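Below is one structure, written out as structure tokens, with a few remarks after it.
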Amino acid sequence: MNANDAVQIDPKGRLRHLLTLNGLGRERIVGLLDRAAALRETWRDGELPPLLAGRTVMNLFFEDSTRTRTSFELAARRLGAAVINFDIARSSTNKGETLEDTLATLEAMEADAFIVRHKDNGTPARCAAHARRAAIVNAGDGNHAHPTQGLLDLLTIRDHKKDIEGLKVTICGDVRHSRVARSDIDGLAALGAGEIRICGPAALLPDRSEFPGCRIIEDFDTALAGSDVVIMLRLQKERMQDALGLAEADYFAAYGLTAARLARAREDALVMHPGPMNRGIEIADAVADGPQSVILEQVANGIFVRMAVLAALLADR
Amino acid sequence: MNANDAVQIDPKGRLRHLLTLNGLGRERIVGLLDRAAALRETWRDGELPPLLAGRTVMNLFFEDSTRTRTSFELAARRLGAAVINFDIARSSTNKGETLEDTLATLEAMEADAFIVRHKDNGTPARCAAHARRAAIVNAGDGNHAHPTQGLLDLLTIRDHKKDIEGLKVTICGDVRHSRVARSDIDGLAALGAGEIRICGPAALLPDRSEFPGCRIIEDFDTALAGSDVVIMLRLQKERMQDALGLAEADYFAAYGLTAARLARAREDALVMHPGPMNRGIEIADAVADGPQSVILEQVANGIFVRMAVLAALLADR
Amino acid sequence: MNANDAVQIDPKGRLRHLLTLNGLGRERIVGLLDRAAALRETWRDGELPPLLAGRTVMNLFFEDSTRTRTSFELAARRLGAAVINFDIARSSTNKGETLEDTLATLEAMEADAFIVRHKDNGTPARCAAHARRAAIVNAGDGNHAHPTQGLLDLLTIRDHKKDIEGLKVTICGDVRHSRVARSDIDGLAALGAGEIRICGPAALLPDRSEFPGCRIIEDFDTALAGSDVVIMLRLQKERMQDALGLAEADYFAAYGLTAARLARAREDALVMHPGPMNRGIEIADAVADGPQSVILEQVANGIFVRMAVLAALLADR
């Protein structure tokens, strides 16, 4: 746990913000997953309780991500909150206003939570440091963290595997630049995964020192062998050319998940992807749409873990 | 009815999607109009029933159309649905995600209906072919169909003329490229209009073989004579120059609806326009704002037919 | 009161639109402030009454202003209205539709109120002249008026000073181009402020004839002496260079509000700013964040005065 992370727990030990899964602890993570699963059951049985009635949630997306923003919006609205999608591109931050002033202004309008995405590591933590009353939820910052993605991945794995403890999980792709990978690793480690294998071309691998508890394996076939879960990351096409000097077909040949390759993992291995997918680059159609894919379940679970987080932050105060 | 159209009725004979009025059948169209009229009465008497409470409707507009999107949004919200305006321009479809994956992702968020507008014919049908549970409403695709516009035009005509059967209707303008014209023709034919006259400069007329039941008349004055209804289409200015080589004033002289020209139609002829109008190009101010214009009634009715469609698709399941 | 202003009161003497504070009269302004204060109390005690349930409010912002738009949106929604943010940049006004036709179309969708911002003076009045049933609220037009900003400034002052009567208020900055200044002056004059001092570099001062009741003072230190309230205006950086030929530091030296300078005002003087602030240009950090600053209270009050205005326009009919 670093200095920035500490800010997410209040003096009474309650979740004050959600910035990262790093240091959040097994018990708190399991609590959020349990709550998400309970909300999912309630939703499927009928109507959700208006846990967030009268609350205002603001989406502050400095980086576009319609799918994540929509997932947060639906989570908040289905629990009764009002949601404002604050259009940063047209806002005062473009007129020279500081981030702190924008936040203070919106908080003065009695926003209860801000969902923050930013290309720079630490922006959500910076918001949390300045928030007076509102809760900050990190919806992805740089390559630092994307904690609700981590939670939804954990929930999806837990739905299929009795226990996360002892599982072998392979994360393949551009781990170096991936906040999804980092939050997955934090979450999996907290819940006692047996082995986390990080796989990708050398140029896209993180420094070995960053993940002392993980195995770094350059060869994909080796990494897959015996895996219980395979998490494929989205490869940014720009990066493939610039950092790798690889054609798409070459990348796919080395790191694309095909049915043949997937056969090296355990027979009941789960295939996961945070989306949006580059079919034919990091994943083959037959796998993306195959029986082991739980990719759409990840999306569905995304809404329930975001409900659980917002409920923990706002409904329990 | 073509292969794509068949998909809009489910095996039990209920409306599953609304893609086109072509092949929908008189009874079903009249049912939707009756329901729209009933909802209109309820609205004007007081409060609408929350027929869509708990439902999520997503606007997927690949082509901008704020007025149509707003009409759908108000229709859905006034019946109690939550509406998400999915911002395509900033979404993953821009990051190489396929349309099918975008749709599957949003459907996994438990969207109940998608309102789809696209510049390419058949995109809504393509969505319908891939939808698992959600209903697709075509809000205009290429020059193929705009079925809710067809319905609102029928409702507006029916409000003023006892019966659509036997009416002479002139549709004037760029019929070749118009989805509005096609849905109007489909609807009018289904309800037994007496004569549908298609009018416009040769370069903007459809192939004669496409509308065997219609009269194609190049001369506007001839087309207008004895008409009960005159539907003026919006002329895209780009098209006027490129396809016609005409100045605005020349087009207006030949195909602009003036008061003098309108006098050739029946005394009680209705003047209609799907909007937005190009005043002074396809229609004169005196006609647009005159006593025979029902253009704003079309807009008002648009909300009620969209309510009726959404209720048929979502509330009756 | 000019001809345009007259339109905001209906024949029965009720507020029909809100276009300007000019000519609105002391009693009506105080009524709105009292209502805003009462709504604020109700909000803080618990839940607001759904005064605007079933109403549709449309934001028509021809000029971007996310903060003001959000404030109106929250005001309307917290009283139960449905809010549509009509995206002008993508709307038919870009396709050659007239403002009047856009307004008539949206009104036909049964919008109850339009919140209008436009770079040209008089656009809200033009909308009001064409509205059939809907109310128009001016959210800022050119350098003409921004009446809800005026009201929120009055409410904020009234919260701290027993009475506005007799107060010395300094407004400093680009008064010539400021609609905020004009609405503040209108409101302060109506409520009997003792002295309104207009301060700024000569090129940014209004014509002396426009504000016969105000003192125009070029020197900031002189203007500040004995002030009860100091309202700093935002300086547009483009304007500083073009109109003034000044570097930022030079402007700050002459017209930036520092702690040392603020000491010339009364000890209990309020510091106000409509936001977004240019820190280090028109205001120093120590003042913006200091004990005399009520800038965030202005933001909070903005929502309540907008509630009061919408309630007066829509709930009392």
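Going in written order, the chains are labelled A, B and C, and every chain counts its residues from 1.
Just so we're on the same page, a residue touches a chain if its C-beta (ideal position, glycine included) is under 8 Å from a C-beta of that chain, and two chains touch if they have at least 3 such contacts.
Owing to the predicted nature of the structure, the values given are computational and were not obtained by experimental measurement.
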Interface residue overlap between copies chain A and chain C, same or different (over half shared): different
Turning angle required so that chain B lies on chain C, C-alpha fit (0 to 180°, nearest 5): 120
Chain centre separation (chain A, chain C; CA means) in Å: 41
Per-residue multi-chain contacts in chain A, two or more chains: none
Footprint of chain B on chain A - complex, ascending: 47, 64, 66-67, 70-71, 73-74, 77-78, 237, 275-279, 296-297, 299-300, 302-303
For the chain A and chain C complex, residues of the former touching the latter: 54, 56, 82, 84, 86-88, 90-92, 95-98, 101-102, 104-106, 108-110
